[in-house]
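Have a look at the structure below before the remarks.
By written order: A, B, C, D and E. Residues from 1 in each chain.
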């Protein structure tokens, strides 16, 4: 009860010179149901207070009530844009606890799907970022390409958006026969569209004016705020779990960690965060091509599926490089078939917490761009 | 000054570049698939809905043996299965030739709750439950999304219940009789047994 | 740096404040520390160049049935090693010093732990609920939590 | 010059021998045109945006969805008309009508053909420009009276925007006035008769020496194109109604027919500026090929097709470009466009002096 | 007298003229539906995909509006939490009549996967606002939502405008649903 009073008290302290603007939860560019309480001095943002929890779906409570395989559908619904990537650290953690080695083919398929999903996620991120700037057409071009990726996902798993595909010890189903050709054609299409997007949106002068030198996030602040993924890489720090703490078979592939260089403005501005995502799509294409080349097509993806998933008593913190950054699961097992506790370190939750820090002193229109450049998914912020 | 002119030039150039791209797309072939006129299953082979797409669940009651595995696997608890034991000799075998052990008078699935994760498909031993490609079943009322799969009519259920009750009563009766008989036999055999026991003790 | 070395160094410095060190195979190696020295230990872990834990990966509130706890997962971006610090507090008086001033990311994590578990973080500048509405009652992630029947006139159970 | 032309007004007077009927016909004709045009433009906006984005646009209302705008009008007529409690009701209700009136008043001087202009006043250019600026009052009224912070921000932004873009636009128009030495739109049109190289975008009628002035007039055309986009609040200058920041800008609180008024006014404004572009720079109702297909009836065709082309350009730009930020928008106007417009103005002045 | 009586007569279809007018008005409302650009959770991504080129929601005459005042129908695309429920109710009330609601996906239909342990999830959006069409799926395919849209158009086409009694009965039924 005491909290309510506190908030009310804050409202009564409003300076009459300034305007308090309530952005969201229903607002076209809050990327979901985020609510920002913005204090404006004219059009200059003096304070931002994010209010989250409008999509709090009690994931951690559900995880305690479910058996281990039943948790996976709920994990899908956390960061619903990159569901494949979400499942991975969880599945990996339980495999580590139970000591399961997954077959080679499974690892390759997981890598390919995770990278495809990374592309799909970055496509949405860039598309909605452009939409925030008012560019509607690139949004649709990117969504058109994403549709091809979803078709491949659907052919393999049966789901278009939420897959429940990575199972402990293997995969839910094998990939289809024309998998390799499909994926390679997607890679080709993604590269073609990216060329267009670069001309149409990313290097458009108006767009550059909007995003360069806006929302500058220095690397040390980013680390202190626990940011990860493109947000911290945009600040020029090559922190990528795929290279720093290689999991699965990422050490077999040759790819670069993209960082922001301050190409048109300062290091760590919105443009850098966006261009990191843009170039990461190309790196993902490279990984996919290598993986497709090395991947064995024969072999069973379900042979190592354990009949009963009952990890021994213990706890583990597993993490993986999600498209948005480090996604971690702190899994505590009590030896039964239900987890004692699963705490998820939502990437967007941590990344969003830096927003008040980097948006002060910019214009209101810039606040929208900064929020877009952080690329949050409210399902993961609120869980 | 150089930057000023360069900025103006870049502004005009990139705008023209963008306009070139959009005008090319204006005359490009569109990718829209007109849904009600063209069902996604009939699409060209490229982006057709695959047959393993996870949409409405179908339960073949002639295959279901009432093992409750799907209900247990469901994370959402949207499947309810109630079973009745089968009286020997009463039930025809399942479609796949296996012996039917249980009647399933109640099998409901609430599609307003289902999360279409596909976890219920795996544990089914007879492949009775499966996901279909059917997705056109929106409703004006939420109750219409509550599906009852069991094919048994109320009468049948009543009949089966009676049969089972009769059978159980009979069985109980038989058991009682058997017990009685055994008791009787025991009783008949008891005195000598006890005698023999005594004898045994005596012997011992 | 290996967890064992970190533990030994910490033990040498803080002595009794380190209650327990665990390096069993099914656990990430962790130390359990007392609440009164937690802030100093965290500061030491961040600022000593050989530890350099500049990145607080995760902060989890825990419910161990008879008492509550907080788990800190630390990672060093430069040295690429990780470490776990745990504290345990009683359910009656769940007060833990806030590490918000050391890692700013702890701000929201601590608010979440307070929201979900009811752990009070001493020294936090704005410890209010973050996910649940401000007038929500009870701490949902505790094991003995019971769903309310009604919230603002809306029925909660199905 | 005007006396020799038998205008539509005179023709109707002759036919019906009643000045009143002629007046009514002349007044309502643009309205009929405006309504038909607005329906076509809405459909065009939907369809062109769809084709640019590789979609189809409305498809299920009539063949290829061509009567979609009719359905929209039928729907908008039925919508509940909400006036928020906190709004200033008289201003709130007046704003859309004022806006529409201002847009429609501009049609009074638009010369659809050499024989038809609703009001052939001598200060046509000045009048049309003044009416274009009147829209901003409706905008501010709507934004302020809604009692919504988003509306207010949108309205304030649009005032700043429209007023600052009027300066380069006015200077460009002044240059044209110098070239044409008249403010009568019919005269400006008539000056550009003959082949297309007589258009003012190519320096106007003159000797081969006018090649010096062509870059100047062409950049004047570009300046006016940009300024006109800003005046009609189209992308990249659609800041007053920028969806991503201000929800729907100044018309956030409007519903039903009042919103439709704003909608109509926007499209009407689009046509007015497109018409001005074609009159000032592209010869208006003149055929581009000398006497080929020239004449009062063909004039309507040429004029409307030229204007529609610029409407199309506006739509095309809208679906290509992102939006500028509010301060950059001001910067473009004051730091780039106004100086260049002044340079053009001086150049045109010198040219006229020595010519 | 006669006309008014006929208007109130539930068994009288409103006459030929009124019937035709009614048809045209219904046609207008069903073919030009502007929706509120509003997303909640996972379903919102499929909803965005439906706006994209492959499915193109605009074929049905559906144009996004960012302001609820100008919207004709709202798609509840995702989980409704208690914190959000009050906002959704406000949004619905801000919309101008006639307005419609499509409940998209399991979460909006009945709480979906969160119906059992979700202490913070509203179990079905029909507890706060009346829903016209329920689209099942988690999330529904874009085609499924398009089918829901066609269902909504069918429903609008059958609506009675001049037949007051029929309309009142419908409203009563709606209220009944809310109170349930």
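Throughout what follows, contacts are C-beta pairs under 8 Å (C-beta built on N, C-alpha and C of every residue); 3 or more make two chains touch, one makes a residue touch a chain.
Since we're looking at a predicted model, the values are computed, not measured.
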Exercise. Which contact partners do chain B and chain D have in common?
Worked result: A, E
Problem set entry | Contact-graph distance - origin chain A, target chain C | 1
Exercise. Taking each chain's centre as the average of its Cα atoms, which is closest to the average over all protein Cα atoms shown?
Worked result: A
Exercise. Based on the averaged CA atom positions, which chain is farthest from chain B?
Worked result: D
Problem set entry | Reference chain C; chain at largest CA-centroid distance | D
Exercise. Between chain B and chain E, what's the gap in Å when you average each chain's C-alpha atoms?
Worked result: 31
Exercise. In angstrom, rounded to a whole number, how far apart do the mean CA points of chain C and chain E lie?
Worked result: 46
For this session: Round to the nearest whole Å and give the separation of the Cα centres of chain C and chain D.
Result: 63
For this session: Hunt down the residues of chain E that sit against at least two other chains at once, touch-wise.
Result: 37, 53-54, 56, 59, 66, 83, 110-111, 113, 115-116, 119-120, 138, 141
For this session: Identify all positions of chain B at which a residue touches two or more other chains, and write them in rising order.
Result: 15, 18, 21-22, 25, 30-32, 34, 47, 49, 53, 75, 115-117
Exercise. Using the touch rule from the top of the page, what residues of chain A touch 2 or more other chains?
Worked result: 28, 53, 56, 58, 61, 73-74, 137, 140-141, 144, 147, 160, 162, 200-201, 204, 206
Problem set entry | Listing of all chain pairs that touch each other, if any do | A-B, A-C, A-D, A-E, B-D, B-E, C-E, D-E
Exercise. Okay, in this complex, where on chain B does chain E touch?
Worked result: 30-36, 40, 47, 49, 53, 55-56, 75-77, 110-117, 135-142, 144-145
Problem set entry | Sites on chain D touched by chain B in the complex | 48, 50-56, 59, 222, 316-317, 319-321, 336
Problem set entry | chain D contact footprint on chain E (complex, rising order) | 24-25, 27-29, 31-33, 37, 53, 56, 58-61, 63, 65-67, 69-70, 72, 94, 96-98
For this session: Report the residues of chain C in contact with chain E in the complex, numbered from low to high.
Result: 131-133, 136, 140, 145, 147-148, 151-152, 154-158
Exercise. For chain B, which residues count as touching chain A in their complex?
Worked result: 7, 10-11, 13-15, 17-18, 21-22, 25, 31, 46-47, 49-50, 52-54, 73-75, 115-119, 131
